[in-house]
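Read from first to last, the chains carry the letters A, B, C and D; within each, the first residue is number 1.
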Amino acid sequence: MNQKISVIGGDARQIKVAAALSDHGYSVMLTGFCEDKVFNKTIKIENDVQKAVEFADIIVLPLPVSFDDVFLNTPLYDKQIDVCELMKLVPKNQLLLTGMISKKLKTLCNVYGIYDMDYFNREEMKILNAIPTAEGAMEIAMREMPITLHNSRTLVMGYGHVGKVLAKMLWGIGSKVTVSARKCSDLATIRTYGYDSIKTEDVAKYIGEFNVIFNTIPAKILNRDVLQNVNKHSIIIDLASKPGGVDFDVAKELNKKVIWALSLPGKVAPITAGEIIADTILNIIEELGV
Amino acid sequence: MNQKISVIGGDARQIKVAAALSDHGYSVMLTGFCEDKVFNKTIKIENDVQKAVEFADIIVLPLPVSFDDVFLNTPLYDKQIDVCELMKLVPKNQLLLTGMISKKLKTLCNVYGIYDMDYFNREEMKILNAIPTAEGAMEIAMREMPITLHNSRTLVMGYGHVGKVLAKMLWGIGSKVTVSARKCSDLATIRTYGYDSIKTEDVAKYIGEFNVIFNTIPAKILNRDVLQNVNKHSIIIDLASKPGGVDFDVAKELNKKVIWALSLPGKVAPITAGEIIADTILNIIEELGV
Amino acid sequence: MNQKISVIGGDARQIKVAAALSDHGYSVMLTGFCEDKVFNKTIKIENDVQKAVEFADIIVLPLPVSFDDVFLNTPLYDKQIDVCELMKLVPKNQLLLTGMISKKLKTLCNVYGIYDMDYFNREEMKILNAIPTAEGAMEIAMREMPITLHNSRTLVMGYGHVGKVLAKMLWGIGSKVTVSARKCSDLATIRTYGYDSIKTEDVAKYIGEFNVIFNTIPAKILNRDVLQNVNKHSIIIDLASKPGGVDFDVAKELNKKVIWALSLPGKVAPITAGEIIADTILNIIEELGV
Amino acid sequence: MNQKISVIGGDARQIKVAAALSDHGYSVMLTGFCEDKVFNKTIKIENDVQKAVEFADIIVLPLPVSFDDVFLNTPLYDKQIDVCELMKLVPKNQLLLTGMISKKLKTLCNVYGIYDMDYFNREEMKILNAIPTAEGAMEIAMREMPITLHNSRTLVMGYGHVGKVLAKMLWGIGSKVTVSARKCSDLATIRTYGYDSIKTEDVAKYIGEFNVIFNTIPAKILNRDVLQNVNKHSIIIDLASKPGGVDFDVAKELNKKVIWALSLPGKVAPITAGEIIADTILNIIEELGV
């Protein structure tokens, strides 16, 4: 518990990560942030990267680590940190916690013998991230639609992490929720929660009945056959990561309203998203017993 | 059912009212709207006010009827309708359905022997309007706060129409809900729904624990004693009609974040709000047996 | 807070009342119970009624006070307490808390100048009692029916205290809930909670669709016209106090399954029911400032 | 769809299976039932086993197939059907749907070249069976406890199929629900649903706080260390299949109240349980495309 952690780079979420780790008794240092951007005044800021690396038993990199594999992701910093230079500083066998690291940078870790773990791959991280994602999706629907979600007919396509939380929340505010899924077991689970269900293969047939359509499936399921049946007053909110679940060209041609909402947790609820990263990191540390 | 209804003036809600009444089999005429603002193309538009009045068995005025007691509330019209002139055209004993009519205009109705009823005073209207109000309030909280409502500690002050729906919806998306009320019977009802409760008199003591504070009580309850205990990261969303429930000057002095959100239904969900007016009008018509 | 309370007579609920009042710092004495029936060993038992009366600042009588206006309701006692004799012992202006006192005994209180208050008439008591009533009603339905309440079509007749809690709980375990009510405002509230609603006047028309019918209306609404449409596999659980809401003779003739379930709180959850009485008494004491 | 199905043996559930398959357009024959025990009068009863086998494209055996591997499970029949004799009659490659078939009988199927599938192993069957299991468990708690589940502190041990549905239903009627689990991902999911969570390893520490403890884990987790901390007024309802999750000898010694509730679906809701089997069989038939 006397361990030292350096949080290097990232947005408001990583400030929260640093604060939460500090609250749990770790000595925490924050690097890659302009001082006036850090709302939490109790965390020590050290902008010499080498010192930050030398200080740390555990290094935490941001989510994502980098957008271009050249510079670290540091939107709240007025300088740039070269990610390869950073890697060179990291000692062999050092525990390096990364978020959505690219293949190229992961290879670099291997080359340098760095012990890297990606917290974004942890199951509990994906499950908990579904909460701000779902809330962000609902906020979009509330903002864009001239009707309430309460008593609207909503379709949640896909019953993975996001689909589960979104269906529950929509139900909770009084929406008439239908979930589409492929597997018999998912359709059974949907029934236990009291939502209506349709098979994914029947989406084209029924989609015209829904006011708001949330897609969570990362495959081009909302193709022409499906899109042409979407009601003209309805909205499609696509939560699927790239390449998304909507044929956007066809949607545009057919004049369907589509919003592609990506990376919602960091945008709509950075503090909560930071807590989720911190909790995941705490689990990793506990499991490793470091 | 062969009755004729003129909907004169109003915003998008009244277009929906006209459409809904038409769907129920009434002959409906719409007055006080530029044609290109009316999304529903099946409703007959008649911009000669006299003809509209002569046509109608029942006249529906907007919500509110007027902002200045001079002109009818017609934001989607490029001309102005003099409300007193309109009144003069209305025959004696004519059923005139109004929304939040002022004392002055109500007196005018009496003088002219018009049989006016204010749909905004109907209990079911207030109850149903709580739905878009609550959803709008949640949308504000989601937009303004860097945390999710899920797992946040939220306080709903007052357990009237809005408090009831808001508490249920917050609970439904996973917020930790506390409701404050004065009456033992309200505190008991709150307990049946599983929310935590505090007495209104104890709000000052506990308010520091909440991330989001929704006020629904139209009295200056959020005074200096209460405001000074509000957490600096928290937000107050005041839903109380004028004069509101917050001492805004003190809040500003203490640097507390307050949003005073009025008339949410028409702003956040005009279609739903229009359906609610239409449903209320249908109830009135059914009860009158006209 | 140094006040003394005598709890005289009653069933397991009153033992809980005594225990809860004791937990709140009052000196409590229990009278009218065989020692081996009292599960809580910390409460002082005093079976001399006169001493119990003399001891007390406040006297609590059971629910109901008496079944025959002759003897106090003391099912856990091997002797009988004459209720009129008891009244004679009570000093003038003594605060006497009663439960469902009869008109005759109330008159006696007036004659003797006793300051009696009936806790059973308190609004919060009725509201909270709806919880064990609703749970008891669900337990009956679960026991009697070869189907689950989950996914069953259930009808709750009446939207008073019991109807509200019952509808919420049925909904909570996944039943398809419809509530019948007369008033537009109740129908609106039902809609805010997401239940289906029907007007009381339409019950005869739709009743055949429901698997379980819960009546809470104390009027003979389930008459021949309605009963003949009840599905033969369905059950009617009548929660209405005497004379009940079902024409039992006709139900028998038509071979409909009816269970008349009265006074559920004391039967299905005496400890919870006792806590509710205690909470109500604490409210009374606080309001009186005694 | 012109296929013929013989349902041979079983209890009320299999009558419902036969009825449901008949409703879906199959020709259905029922064998192994006394005529007066069959509530559904539209199903053809044929008690010559050989004829039933010859008739069928698909044969459905009961759940469980047999209790002793000698006779078919036929509680509603006044004769006995030798299960090995039955197997001999079944032609090679015949589709035989079984419920919890024993290893011995499964071997027999292999020997005879029968194409057997166990519907009880289907994921959706396990998921849906959790509904009557959870409701049955709640009914037991309601019946046995002098408090309501509403506002009680309940612990659900294990977050598998039954744990998930049970937690949701308990929450739905207003219980204060805590779920214990081992995996970080399960603990995260529990958090998304808003229940409190504890790690399985910490159960001994916290178990004293709960009024009702539901175990779903089929391992002796409720051993002396845990049992000794259970509150004396609390109840343990063990839903784990043999050998159960409670050390029953120790529980008895420590005077803890334990109910071991097995095979609830067929007992508490045979019609629903039959529908679940029928739905599962329909899925199997659809997937096989037979």
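As a convention for this text, a contact is a pair of C-beta atoms (placed from the backbone, for glycine too) under 8 Å apart; a residue touches a chain by one contact, two chains touch by 3 or more.
All figures in this text were calculated on a predicted structure; none of them were measured in a lab.
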Chain pair showing more contacts of the two, B-D and A-B: A-B
Between subunit A and its twin subunit C, rotation from the CA superposition, multiple of 5 degrees: 180
Per Cα centroids, the chain farthest from subunit A: C
Inter-chain centre distance, subunit B versus subunit D - centres from mean C-alpha coordinates, in Å: 50
Separation of mean Cα positions, subunit B and subunit A [Å, integer]: 36
Sequence positions of subunit B contacting 2 or more other chains: 131, 150-151, 168, 174, 191-193
Contact set on subunit D toward subunit C in their complex: 12, 131-132, 135-136, 138-139, 142-143, 145-151, 168-169, 171-174, 268-272
List of subunit C residues in touch with subunit B within their complex: 122-125, 127-128, 130-131, 164-165, 168, 184-185, 187-189, 191-193, 283, 287
Touching residues on subunit B, where the partner in the complex is subunit D: 150-151, 174, 191-194
